[in-house]
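For reference, the structure I am asking about is given below.
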């Protein structure tokens, strides 16, 4: 159904959309640029890999476990690191540095875990091609269909959570006006904790999805963190939906873009694929600092509605 | 007039001194157990990273720029030294110098040839070394100027992330573009220290330490000068600076150019020491994050703190490497290589500092323009004056 | 009900209030007036835990509040209606009221919402619209409605009359007086448009440059020849 370059692109873009969305959520609630997203994503992949290696079956069934583990990592980060710093009204840089420290610890644990797995269980966790364990669906890889579905499902669930539940609405209120929210009796602690639960979970889930198209390595998250941030920046760092969309666009642009460039000028350009998300990030920061969120969506919807009415009559 | 005893007592109790003495003891112990070469190689790494961290402190601590792309300047110095000086010598001596210089088959033969020339000619070796440093400084300055363009418009974490991404990008360029520095196979750097055959490591250690001291003195001069005070004012109150007519853009650019040039020199020293230039080795971990950790431990804004931070952590890392089998050998029972503990250490250090010691070992003190003795005298006279009420 | 003793407060390192002593008696309207920048909003922020208290005591009904986070203060029964940022612009009116009544049970929420909408029928028509689309006066009404949702024992009202036409101001002040009379709410009212506020107030304090310059009956301050002219712009003829 999909040509291989599009199939891989959809998986890559879906993974980035999940991680960029998580980064955006964490930033708009706690002002923290979560560097540990790299480690959490990598952990998400390894959780799926470990369960699959020992229990086999359908690897997608372990994705929820990856999400939960990511949430757990997020909770630890909040309670141990983020909360005390927020209480001190630490700067954005300090908050980012703290997550960097946490990420390095996560990375060291992952590396040691890989050592242990290869020594004790004779596995090869340092170069894993999860796509080999995928199956086919409608004449394309299952991943290319399931990944976008996962991304859209998460997007929908988030939307429902944020708009239809009292707690979700209180999250939106806290994001918009934390002082008024607190003065209304909303415990900001719980809001921040929840954003780390969701953000961490999305990071891990993103990592699990990513492994379906990229080789799984201990530094997978570290290599991709710049792209994740680029997606969040394109999204505008104002709404989660922007982050999810931004991540998707950056992912698709990079994956498909570099493929077409390689076809045109030769495979040597593949090594420079980092340039594409970098370019998008640079353009966004310099020309459209508010990113996708700067586009007046309601105005756009109104114009579209009006145009369609015009066409009808 | 205070006597020497009092001065000594007061200074000895300072944290910095205590820590330095502890480090000295550790180093002496290492020298006795493992021999001098360990100390010398530690000193070399210490010198190189002091230079890089001092440059970072200038931009972050004194000017308030989120420099998460320190690796860019280091790469600028390293790659330029990898690509150009060797080629120039090759050209002068009729050896291949074009794009093929970086090709490993060619490079492998050309460089030893150059070495034979450098061995005999001390003037040439010295000139070559200085040329490398100057070239690195210039290319660092250029990169500093280029990175100042986004630094003007972006703030804090946004700037940090952008610079971080660019750092990654340059590393990948070096890794993929073969003619530059050999891509995946390294390029060899002609070694100007060949002349002291047999005592190379001592010569390198001595030279690099001297250069580090020079850099330290230079940065001290800059930061204690009016320029340095302007930087601090810019960092703390940009609005006030503008009111006073200070050109923020120009001053930030100057700071970035100087910092970048110095970091590039650090990069050049590193490749000269190791004798090779491997692009993939210039990771953000080693050349941005570790210097940030050194800086945070030392105390952002304090130059002596930088040196202390680098010293403490470099020695700690050396200890981990030396003792990884004995102390952490139990991990090998599960097949785990203790070397990963370096990352754990870095992570824990950063978290510890951020949570418990945000100002580092040597917190920044308010700078006084007059010596403290004179200030005390002025305070005294003012106090005497004000205690005289109108009735007296 | 609310007692403030020797309060020194501000924001992080900036000192705004110096040695404030203030009493807000139960079921009375206490008015704090003063020129711009006097620190009136900081006073309310200090009670709510938004500003930093450096020294002194804030006691509500025997409970000491010192740098308690705002949501804890709200849970103790103090309802804050700020001057700026007083509604959630991105949320609908209904969601705003739901947030204001966060601590209420589902039934209480429904009852209180109906009650409050009866008090301000104008808002009924906008219940599904985003609060950001409301006019200034409508937003003010919503903010007061939200303040009432929180089942307050004490209400802190910050400059409700700003940017309102005089006739509307009169009506707003009348409804605040009714809150005291009919619902028994204790009110701490901060105002720049002093005259109307002092007319309905019981006690009054004059705050200038972070210090209390006068305290006494509201009517006394209103008719004080010098102070009312100097600080409050009240002309003698009135």
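For clarity, chains are labelled A, B and C in written order, and residue numbers in each chain start from 1.
Here, contacts are C-beta pairs under 8 Å (C-beta built on N, C-alpha and C of every residue); 3 or more make two chains touch, one makes a residue touch a chain.
Being a predicted model, the structure only gives us computed values, none of them experimental.
Closest to the middle of the protein, by Cα centroid, lies chain A. Using CA-based centroids throughout, the chain positioned farthest away from chain C is B.
One finds 34 Å separating the Cα centroids of chain A and chain B.
Chain centres here are Cα averages; for chain A and chain C they lie 43 Å apart. Averaged Cα coordinates give chain B a centre that lies 55 Å from the centre of chain C. Counting partners per residue, chain B has no residue that reaches two or more other chains. In chain C, no residue touches at least two other chains. Chain contact summary for the complex, chain A toward chain C: residues 89, 166, 169-170, 172-173, 176-177, 179-188. Across the complex, chain C meets chain A through its residues 12, 48, 50, 69-71, 73-75, 80, 82, 85-91, 95, 98-100, 102-103, 146, 150. Contact residues of chain B toward chain A in the complex are 66, 150, 153-154, 156-158, 160-162, 164-166, 168-169, 172-173, 175-176, 289, 292, 296, 331, 334-337, 340-344, 346-351, 354-355, 358. Per the touch definition, chain A reaches chain B in the complex via residues 33, 81, 84-85, 90-94, 96-98, 100-109, 111-112, 115-116, 118-120, 226, 229-230, 233, 268, 271-272, 274-275, 277-278, 281-282, 285-286.
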